[in-house]
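Notes follow once the structure below has been shown.
Each chain gets a letter, A, B, C and D, in the order it is written, and its residues are counted from 1.
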């Protein structure tokens, strides 16, 4: 191994050093700040060269090695980098965030201290309708007059919540109990430290179109404003292989092979056989999985055979 | 190894089987139910005999081996058991619960479904004052007339929160956004699965007198009503070694040795030297650490030398 | 939530119960045995219905829900099942196995007990050559007379290792030190407990063609003989979506779209632009990534444009 | 919260910077090198002040806060620091090391590369006898002439192992298979990254007198030469509260209370009642637990009542 020579200084990223401590504002009163980090793209490469050997040097330069690692799910070298952020997030959003278990967290304590004096507020043009095609998501924005009513009701309720909390404190109620009815929109703060492999997993899930808008805003900011500067090769590979690629299941692969070879009728028979298309008298009905496949075909410029 | 003979059936605990699916009520509207489990005290013993060898058989019977493991922090055999619970918990309490990362969780989703229609309510005699000697805790209960006022204000606010939430849903707001101002007292439900080692760690922290009353109630119920029945030897050892024992630091050990040998003056000099006792003119002042030591001496029936 | 009714008995899998404790032999002297388990396909469904809501019932029956979860990487419901195995594995193979950190392990201790008295042996027809196209893998089997020589040398060395170990023990050397020169081929035993999500991750990596033959044999056996019986819907979905599907990167998706639309020249230009094809005078040279793409095209029945 | 002001530079430890990349030799051919780190004692304090509130400032200065955290097992602030080492360790020792799962690891691959060309050797005066009182440990060193014989046999066997490995490679055997009989004494190398909380746990277990001499040497070096320089307050508190303190079980606490109050007969009756002392005709026999208690009494300068 050629790692014996002394390392004289810690790896650093000038682009990240330039924004250390800078506050990136978000939502009406949230923020993200970089507090510290460990490692760079070089650290990923260094670790990979130990595990995957000197021989990988012939493959290519660092960028190519990082792309190779990400493409082939060799995830451990990415654990060799850490990012530590200071966050200010509504508790409702934090409830989703904290489900990512492989991170270190110190959250602001409302047992020791009075709660952060701010709730996330919604502008009249920010109220979203329930999605019709998706049990969990949002659809179009609601109209301006309805939005105005909703924002006003929100303001009243948040003011009442704040008053109730402070009345309790004034009456001598313990902080740990007084907080019990704070709205989920109340902001909290935390230090959050995570390694790059687990951070990419967080970003893949939370930058996704199915993630809730609020946490998606945080994830997108962390990715585009911070990770892209810190580890540019890893970020580029992450976009190419994890975010913007396409996954095909075994049946989809078979169907695509048939379509690529012009066997549209055979593909259609397979779709029926798989129960992806069913004929209930009133024409063909596609299953959820067939709908997903049709969207992939459309991206490939291939017309669906149904 | 002598484990080669076939195991013909899964280990089971009759005492736990007897309460499978039973609802243990808690707080005003919470509960705990055992859904499933894996292993028993025997599984701990079986795993230990592999790792610590056939030779440990001479030490003693199973109970003794389990006590030995717990006493000496040989924790891996306790990972060989799992408990799976169904919980109903106020979100405020759940925020503390979910900080234990080494568990598997599926929480009820208020993106997919309408939120649980219940908030944790506080009876007039349950409002606790802020502790004076402890930044994070509660002290005595507040008086009845103040308590009645607080409970009334709580009821009004929770009703307003409920109305707001349903107005939003009726106006067509997406569930994921409508929930943003639900009070932290709103109940949530979850499946929670954890191995016995990590469960004991949870219980040690959350049954502790410093834990908040609400989560302490859950932890105590899980320990006393469920774990004690499931793995009785482990539970007994846990109480003897983790909950009801005493930890002495290096300085405390030195001080106790001096006191045990009647060298009270020498102990006092050491206390001053450690800065645990300081004389600021108006008599000796004890540090926080000295206060903790005095409490331990008192439990041992030894008079503090200051 | 509709989970309130008491569960009267633990979920069980008859097909797995039928093989509990049965020894599945492997390599020359290894084995796998199922000791216990928690949950079934039903437990995955039960957990998913809590997290993803009652609404998912309309999507489909249980099989469809499990396929949906696996397809969309909703991994937490799969953590609700656990499998506990008793393994006998060469230490060389165990060194790879133990890198999977999210499992509970109790390994046979050669500090407490005398080491397992068996080394993995290689038949003359089992010696593999170094792969030429793959720095880490094996190629074709070596010839019979060379194989015979290698097996004979192996037998001699293993006998010498065994003699040395026992001479040390006889001389009174501590077991923990006497073991220091045991060959990596020495068998070890362990209890290994892992949840279904992490088990599938282990299987995806270790059943893969790039995994070393020995651990691949274990993973394949665990998958095909055990997991397929225990959770048949999950196993089927795992094969369709994780093992036998196809992943396309962002550039591959663009290239495939061009080829699907008959724009072969444009595709070729893009390949050159990406540096996947380079012309160094002596004809086009494809990069590693281009080679991987060509293999995918071949599976789809599409001729590569170079 | 008062953390809003920009942090302009990364926290650094001058004492650790001074030894970055330096090789600390160990055993006959092992080493430890610091590659990088994240955070210092200050980072622990910063995280604690968020979680435990501004109020804790009154308790004391940073050193006092760190001692308070360690004493009361508030472990999360210690996760805010990371240490990254480059190690060279015999595989036998590495087998124990890798059991600590909460670390990031990239080990040198003997699939990709030829194995490290060195085995751990034992000097004639380093052979340890089997402990008589301890199934897992070592006792006194064996005599010089026996030691010389053992070292000679070791050298012969290791040379044979090396020859066998290289014969296989020369015969064209794949590296992944050729390595199968390498002695466990063969050195391996790895990058190992771990947070401070988990590092302290590793050190507490592996610096302990019951740990095997080889891994104890590594742990002791890492603690005394590296951690003590990096986070001096944490190191001091760790020694006082984790390493050099004393844990008393519930029965031991009761017994010590009786002894402290001069009730020696009552203590003795309790010992018999607990089955810690049994009279089998030929005088009192103490249990293992009684023996452990006697050792604690001796450290406190208290004579055992039996």
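Throughout what follows, a contact is a pair of C-beta atoms (placed from the backbone, for glycine too) under 8 Å apart; a residue touches a chain by one contact, two chains touch by 3 or more.
Every value quoted in this text rests on a predicted model; they were computed, and no experiment measured them.
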item	value
Chains in simultaneous contact with chain A and chain B	C, D
Identity of the chain that, by mean CA position, is farthest from chain C	B
Chain B and chain D, separation of their C-alpha mean positions in angstrom	28
Distance from the mean Cα position of chain D to that of chain A, given in whole angstrom	37
Centre-of-Cα separation between chain D and chain C, whole angstrom	32
Contacts with two or more other chains, residues of chain D listed in rising order	52-53, 55-56, 105, 109, 111-112, 135-136
Chain contact topology (line, ring, star, complete or other)	complete
Complex contacts: residues of chain C adjacent to chain A	52-53, 55-56, 59-60, 64, 67-68, 71, 73, 135-136, 205, 239-241, 243-253, 256-257, 260-261, 288-289, 292, 299-302
Residues of chain A defined as touching chain D within the complex	1, 3-12, 17, 20-23, 33, 35-39, 43, 46-48, 50-56, 76-77, 79-80, 82, 84, 86, 104-109, 111-113, 116, 189-191, 193, 195
Chain B-facing residues of chain A, complex	90-92, 95, 98-99, 101-102, 105, 109, 111-112, 119-120, 122, 127-131, 135-139, 142, 146, 149-150, 153-154, 157-158, 160-161, 164, 167-168, 171-177, 179-185, 212
